[in-house]
Structure formats: structure tokens, C-alpha cells
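Look for chain A in each of the two complexes below; its partner is chain B in the first and chain C in the second.
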Partner chain A sequence: MNDIAIGCFQRGSFNFPDKPSSAELVAPGEDVRVGHQTRGGLLRGHGTILVSDRFTATICGTIERVGNLVSVRPFRCTYKPETGDVVLGRVIERAGKCWKLDINSWQDASLHLSAINLPGGIPRRRNADDELNMRQLYDDDDLVSAEVQSVHRDGTVMLHTRGPKYGCMSLGQLISVVPVLVKRAETHFHRVCSDLKTDIEILIGCNGYIWVGLKHSACFTHDPECSKSQNNTGGCEREVFSTSVNAHTRDQVCRVASAVRVLSMLHLAIYPKRILDVVDRSNDWGVSNTDMLRRAFVVKFSEWMTD
Partner chain B sequence: MEYVSLEGLRLDGRRPKETRQMRCAMGVLPAADGSAEFRAGNTRVMCAVHGPRECVNRGERDDERAIIKCEFSQAAFSTGERRARGKGDRRSVELALVIRQALEATVLVHLAPRSEINVMIQVLQADGGVRAAAINAAVLAIANAGIPMKDTMAACSAGYLDGTPLLDLNYVEEGGGGVRVHVATHASRGDKVVVVQTDNKASVEVFEPVHALAVEGCAVVQKVMREAMIEHTSILATLRGREAL
Partner chain C sequence: MPLSRAEIDYVRDGIDQNMRNDGRTREDYRELTLDLGVIPQATGSARARLGLDAWSTDVIVTVKADIGAPSAEHPGDGRLRCAVELSSASDTAYGGRGGEARATELSRALERSLLGATAGSSASLSAHGEGCALDMSALGIQRGKSCWILQVDGLVLADDGNVLDALSMATRAALFDAKIPKVTAVAGPNPDDPAELELDDDPEECSRLDVSGVPVIVTLTRVGKHSIVDATKDEESMRDPRLCVGVDATGKVRSVGKRGGGGIDLNAMCAMTRTACECGKQLIAALDEAHAKAEADAAVQAAKGDDDDDDADDAMAA
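After this line comes the complex of A and B, so read on.
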């Protein structure tokens, strides 16, 4: 939270529909009150503990009530994986038949060798060879889009990259934001046209890792015919690193990435329409790519937002 | 030296049972998961929290709970006399240990097993009450990172000079040679005391009123910290919007 965001809040707090009342806000150690009740017939949810027969908050946030379940919702916290979440992860190491991925959570997730689609859809031969060749699929420090397959009782997270959508990311950049800014949605893969020429892909991972890059033949192809013709579907395409990208396209990718950073600076929820709003405003106002993260533009955008 | 004047005022014009003006700022470091700055008078302490995240050192990993790692360092420019102070000297190591133990009693560590929480504390200006300010900054930063805690732990120090118990000593008063008591409490859980430390010898007759005064001070500090947390959360909630996650 920086002073620009505080300024945005002070200017526009009347225009934001969701301003919580002081009764809804709690800090750690305060009683969680719903009406006059503090206990009777209520269920204890996240962010609360039971202290001498009263619900007490353990985090800063707003009191949320769903039926009888009372919980405190934080507005800044570590990512908590749930089954079905689309996440981006960075490969940390290989441990036996698993890759360990950093997913911005309190522990690393594992991606099992049997939970991925091999390049070209070839069925996997279970032998020692494919374990030795794991590096050719995902190497250390590769960025991989994946889905949370299951979360075990002890908190271990299993990922999978089955399907044409998931795989290694290249030709773009990664931005890390606070996970609460990302809403869980039906689709997390978005294609935006920042102008008529370039298609830019945005992958908004539930874990707060956001990928902005070029249309990626392997990761973003939904057409099965197309994926068959590709030699490397679902796996990592190493040859793309040698692809040359013209300056205009790179500029467009950076512009979209800067737009995400602007939203993150202002602690505003991040979704494609809003990202495009920032890109459009920067184009309308003739702000160059390098000036987008400067104070002047961020303040001007926050003023535009609140009007 | 006269620490309490005949009118009952201290060197900086406070009454004996008055704290210095406190200010809390949260989210001051964008790169950290949680950060805060706590100021009491001229004392300024900054804290950054990273985590909970995967344990770097496998040997330290605990399958039942998160481990807390604490680092305390004081800037060379933090006192009147410039002196290089590392994080390896005896005082820093001891302070880091005290803060770590206090945090382990406050943070709900069992909610993030096999992970670690890094707490980095840096003193920018030292004008007395560094120990208490460091604990307060750490608690604010942890709250900012969204890590669950039993209560808003607050710390305060008190001393005994010129036959009077004094709350929240400044640098000059700390050098006065009297008893000093540092206390951290869970004030909303019936003033549950988490940390008590004393410098210099104290008789029971002196210790008790000084300790009681420090505990009272903690409740005042907690109130200030809570207000800062609520205000900060209000801003975050308004900007983020309340649409479902």
C-alpha cells in the first residue's frame, strides 16, 4: 500500500460501493459480532478462534456471514490453494518422479510425472528413462501453468498439466501481485487486442502470478487439429526462445504488463476489462510505456477511476 | 540529573504515566508480503515479513507448525553517535530471540505446517524503547501479511526514576540507571503477559508498580495499533471491492 493508493482511496471513497462500515471491520483479538450475537447458534469459519465462549478474529478483515457460518475475510494474505484453481508455478527442483513448483503459497506444490501430457500426446512409457528425461519437459526455473488437482488433508498440493491449455510459458513476462486481487473465474486465460495487430495473452493465475505474453501456439491452442500438428503440445517449447519478436509487439506486451502493475499498486481487483481500461487510458493520454508506472499516470488513472 | 521536575513533568514534557506519540504505517515495503513501520516519539522501527513460505532449510522444517525466523539489526545512523552495528552482535541476537519467542506465542503457527515465516526488523532511529517498538512493528507487519494471530500483541516499557514509575522511557531516561521493565501482553485476553524483561536490580516494592504501569501502557499501545490496522484494512477493502473471491 503506497501513498498513491491512499490518495485514490481518499478521493474516491464515496464512489466505491463497497466501503465497509466500521462495525464490519475487525483486527486480531477483537470480538466478531454479528448483530448482537457473538456465539449462539453460529459456526466458526476462517479467520476466527473461540476464546472464552466468544468468536475472536485472528486476522484483519471484514466480517462475512453465510447462513450460520461466520468468518473474517482478509484483504491481504497468502494464497490458499483449492482444487480446480488455475495457477502459475516456477519449477524449483525435481524430486523423484515429481517436480516441485513454487506457487506463491505456504508450501511448494508437486507436479507428478504421471499428471502431465507428454509432447504430441504420446502415451508415457513407465520406465527409468522418462524419469531421467524429466528435465527435457520442465527444467528448473521454467514457468508452468497448471491446475490444482487436489489438496491433501495435510496441505500438500498436487498439480496437473493435462490438456492443451497448460504447459511451459515463454515469450512474455511474469508479474506477481497480492493473490486477493485475483477473482476465481470461469476462465483465467484471456486474449486481448491492445491494438488491431497484436494478440496478447494474459493468464491470471489464482495464486497472484500473472503472465503477459504473446499468443503461445502450444499453451493457448484449443483446437485439437492444431495441437496434433504441433510437435510439442503441452510440453515445453524450447525453440521459441530463439523466435524473434519485433519491437512493436514487445512494447505492447510491456504496456499490458505495466497496466497490471498499475492496478496492483492501487490494490484494485485485476480482470481483463480493467487491464484494458488502463491500456486504453495510457494510449488515449499519450503516455509512453516507460511513463506508465510513474506517479503522474497512476494518480491520473485513479482519478479517472473514481470519477 | 533531575528526571521528574517539581511540577511532575519529565525531561520531554510528558507526565509520568504518558506514552510518547505513536504512529503506525502498514504496507510500507511493496516487495515484502507484509511490512510496517512503528514510531514512538523519535524511535522508528521498520519491519518486513516474508511468508509463510516453503522452508529453505529442510532440517528445520516442522511437520506440525510454521517456524518463525527473526532477524534484528540496528542501522549505523540510528543513534547520535555513528557506529556500525551488525545483526550478529550479542544484543541483536538476544533481542531477535526474545521477539521470536514472543511471536511464536502469538501467531497461530499450526495453521501453516512445514513452512517458515521470516521477520526482518531494522531500527532506523533509536531513542529509547527499541525493544518494545521492534515487537510492535513485527506484530503490525505480520497482521499486514494476513498471518493469523491470537491477539494484537503490544509491548511497552516502564522504568523507575526519582522515586516515580515512568511509562515509555526515552533514550536519556533509559540511561538514568533506574529499573527498566519491558512487557508485551495480549491485552484483550485479560492482559496475558507474554514477555517480561528487567534491566538492573529491582526490589519487589519497586518492580510491582512499574510492571503494572507497563501492562497498562501495553493496552494503550494496542489500541493505537488496532486503529491503524482497521484504518488500513478499510482502505484495502474499499479499493479491492467486496466481490467474491
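After this line comes the complex of A and C, so read on.
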């Protein structure tokens, strides 16, 4: 096993700052102990089963205790959607009035035609023409930021993209991380100025998809009206879509994206302050963009984090 | 996962500007991690990883030496064949028989780079051509009767692009790692039968393969006006033409193969081959360094008498 993996495991307790003292790594089949207790007076939570009067872990993760409830928080798990989550999804297909989106979960989510803001932002009934023009709004493979509107009892996930924040992503890159690294927060859209000049938008999707790109990069890519409708309120209040990014901006986007990757490699929770920490360290240590994903930097950063 | 049109534009623009999505330039490989001797039961084995992410390209190659009959064309030589399997854990599409066509393509490419020629289906034992990378005569035991058959098995554990390069690097390392036991022929009771073979189980008596001629495959992807090495899965998903060049330690071309969609301009192809040669030469130098380090580590461990774990973990920036 390489030293990074070992480093990440040794700092298992460190990864989950909520429980700095009690967090302890367990593998499936191991006893889940809290202090010296394995059973008495405790409630059995997720990731544990009762085997011959002992709590035994069923997944690999850290022990978490909330009051009497003992559970194992997994290292890796599939994203479980909850209402209100901001997610990034990729359009897989169109089924009738719905788009099907891959949101890194068990099931694909659906985005109903009535759950989006039409270009121009005029609220009206969706007619058959809209249904035929769905491709113009979100085409196959498009990356769409959306919010989970509801999760039905059978696990079906409904999304909506009503609001200026949501829409098609462009001018940036997607990084996929383990969903447990993303904490639900008040806002998932962040703007960072890594060097006071460039505004970079980070969208940390609850489903582990993280978008790093230029500010206001979301846009109805295929909408010819996009440039015209800028003054309207609604889902299309976006800048004109262009494809070229200047070298300096790209460098900054790349640095932030690499920072996210570094955190993901070290299995550290991902939030803007920490992303900026990585970016700042890389700048301080004079690490070039090319070398950010090299072992030397990742190890050096992990050592800096533990200090 | 396919990319959206906007993402493809962004990736292509980045390649134009010599700044790829993960910060690399066009001629940069990802961080290569090479472990030798990862499968103790095998004659030789190696694991190669490109990148440090959990989902980075990850392959294991083992070499198994078996005794069998030599081919009719080369009675004094050994034989070699390759087989690659794509783990369904690397992509759901590889479940069942899903990855078979791609696996065959990869094993053929690997075999061709090692043998200089490939014979028929992947199931048949390949005959080696004139450009064979290994000294096959060293693998012969008894002329026309018995020889070593090297079975090179590759397993793709994770696919984040550039699997063929990773496989060829791991193959080279696994061949380096292989320790072929010493075999002596003793006369059997019947003069017509093949003589009996005596296997020396002293590990000190093992012979090693000479891998100095074994090439690595450098795959270049042509994106617009430029070519990139070590494409990630995202970069591969754009279906651009690829050129797979087998390069040996002296920087000479051993094999060339074109894959992917579209065509490549002849001038571009020359430039790409040149780039591949440079990259391949550097890569082999780095691999050789890692081999030497692994060897030294193994020697140190053997001296310590700690023979439980003679894994050598080497990292190097290619």
C-alpha cells in the first residue's frame, strides 16, 4: 500500500473533525467499541449488526456516536439524495417530459420540464413545442446543476432548476469525489478569488460532483436566445457563452481543481476554506500547476495538515 | 462517462493552451507508481498505477513460466503469450462478456509489442517474429522437446485512460521481476521419450530475463493541432485518433498502431512518433531506475532475513 493511503488511514480520526476523540477506524467484522463498551446501554445505528451480543461493523469506516446511538460512518458510500440538496447531474436521456440525470446515486434522477425556468423567465404552461425543444434546453451529456425537489418513497428523485443559480455548466471542469467528503452546508455555490484578480466559481455538489469553473459559467448552452435574454430574470441570466479562457484564468481554475483532487486523494472533507488552504500552500511552496498532483506535494501537504 | 459539448470545448481549448485539466502539459505523464512482486505465487509480477486518485488507472501484470512444447518453427526457443482481462469493477460495461473485444485488442497490442508478430487468435500460442523483444532462445530447454512458456496475464483493476501504456510498463516490470528456475534435463528410462526434467528449487539459481530490449508503448492522442500523452478517460472519450508507438530503451520505434476514430496527417504522425520516442526513452530510463531500486530494496530485505514482504514500492515521476 502506498504511503498516501497509509497516511490517510492513520489520520482517519482527523478526517471527521466532528468527533476528534471518539473516531476510530473499523473494518467489517470488527467489534464496534465505544470506550470499553461494546453493547451496554447503546443503540445500534447504521453500519453495525449484533453478533453474539456485540456490535460488529458491517462496513469500513469510522465509529460515530451521537448520544447513545453508535454507527459507523463509511469511507465510501453511494450518495443518498435528500430534499434541498444541491447536486450536479449529467443528462442521460429524455423520457417524455422528463430528463433523466445521473446524479451519482442508486437511481437516476428526473428533471421535469415543468421544474425548470424557461429561457426568458416567463412563467407559462409547457406546451408540446417545449417538449419537442427539450434538447435545446438540456442536451444529452450536459452537466446541469440542480436542487433535489423531492425524494419519493420508492427512491425516485425529482430535481428542479428554478432559479438563476441552476442550469447548464460550461467553462470549467468536473471533479468527481467520494460523496462522504462533501458536507451539506448552507450554500454550495462558492466564489473564490485565488489571486484577487480571477473570480472562480466552485460548486460543491452534495453528490460528490464538484465543478470548478469561471464565475457565472452556467448557461443554456444551446439556447440561441441566451445572449439576448440576459436582462430577463430567471434561469438564463448568464453571460454570453464563449469557449476560450485566457491562460491565466485557466491556470487558476486548474489550481483550484487540483486542490480539490489533492483533498480527495487524502480523503479530507472538501470545503472552500480547505481548498484555498491547498491553493495557498501550493503558491507558498512554489509548486507549479503540473506538480500539484505529484506525490511530493500531496505528501508534503498531508504533513502540513497533521502539524 | 461522456462529456458535454461545453466540457469538450474546454478540454480542447486547454490542450491548445498546453494546460490540461489536471494541470499537466501535453507531454506529461501522470504520477507513476510501480510495485514489483505484488503476486508472490507468480514467476514475476508488477502493478502499475497512473495518477494518485483512488480511481486512477491501475493494472496488475503477472508472468507465469510453464514448461511445454516449443513451436515447430522455432524448436529451440521458448514461447510467450499475453492475455488481458478487464475487471468489471473498473467499468460496469465490462461485466459479463462486455469487455471481451477491448481485452482482446489490448492483449494483441501487448503481444505484438513483445513478439514482433502475432499469430491468429488470442487463444493460440503465438509464434514470435523477427523483432522479438526478448531473447526467446534463452527460454528453450531441450530442442524440439521442451521449453519455457511465458504466460503474461494482465488485469485492469481501474481504467482512467491510457490502459495500454500502463499495461506495457507493468509487463516490462513483471518480466524484469520474473525469476525462471533452473532446469536440468536428465536422461529418462526410455531413449525415445523426452528426458526427465529436474527443477532446481534454490532461489539463488534462478535465471532472469533480459528486458533491455522490451519496449514500452507510448500512446499519443491527437487533439486538434496537438498531440497529448497519457490521456485520461475524459480526454479519451472525445474519440480522437490515437497512435500507439512501441519504443525501446534506445528510443527506437518497435511497433506502431493506430486506434480511435478519424485519421492522422502524415506530418503529424511523424511528429507524434518523434514525441513518443522521446517520452518512451525517458519512461524506460525511469522504469529501469525503479527496477534497480526495487532490486536494491529486495537485497536489503533479504539481508535482513525478512522474507515475508519483499514488495518494493517505488514511486517516480516519469
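Just so we're on the same page, the second predicted complex is superposed on the first by the 211 of 307 C-alpha atoms of A that agree within 3 Å, B and C clash if a C-alpha of one lies under 4 Å from a C-alpha of the other, contacts with A are read in each partner's own complex, and residues count from 1 in each chain.
The working rule: contacts are C-beta pairs under 8 Å (C-beta built on N, C-alpha and C of every residue); 3 or more make two chains touch, one makes a residue touch a chain.
Computed from a predicted structure; not experimentally measured.
Of the two partner chains, chain B is the only one touched by A:Cys60; chain C is not. Once the two complexes are laid over each other on the shared chain, residue contacts for A:Thr78 go to chain B alone; chain C is not touched. Of the two partner chains, neither chain B nor chain C is touched by A:Asp307. When the two structures are aligned on the shared chain, A:Gln107 is found in touch with chain B, with no touch to chain C. By the touch criterion stated above, A:Asp284 is placed in contact with neither chain B nor chain C.
Of the two partner chains placed by the overlay, only chain C lies in contact with A:Leu293; chain B stays clear of it. Common to the chain B and chain C interfaces on chain A are residues 2, 102, 265. Interface residues of chain C, counted against chain A in their complex, comprise 1-7, 9-11, 13-14, 17, 19, 21-25, 28, 30-31, 33, 51-55, 313, 315, 317.
Taken together, the chain A residues at the contact with chain C in this complex read 2-4, 90, 102, 139-143, 168-174, 176, 178, 221-222, 241, 243-245, 247, 250-251, 254-255, 257-258, 261, 264-265, 288-295, 298. Remark: chain B residues 26-28, 30, 33-34, 51-54, 63, 66, 108, 112-115, 143-152, 186-189, 222, 225-226, 229-230, 232-245 touch chain A in the complex. Contact residues of chain A toward chain B in the complex are 1-2, 5-6, 8-9, 13, 16-20, 22, 25-30, 47, 49, 51, 56, 58-62, 73-78, 92, 102, 106-108, 154-155, 180-181, 183-184, 265-269.
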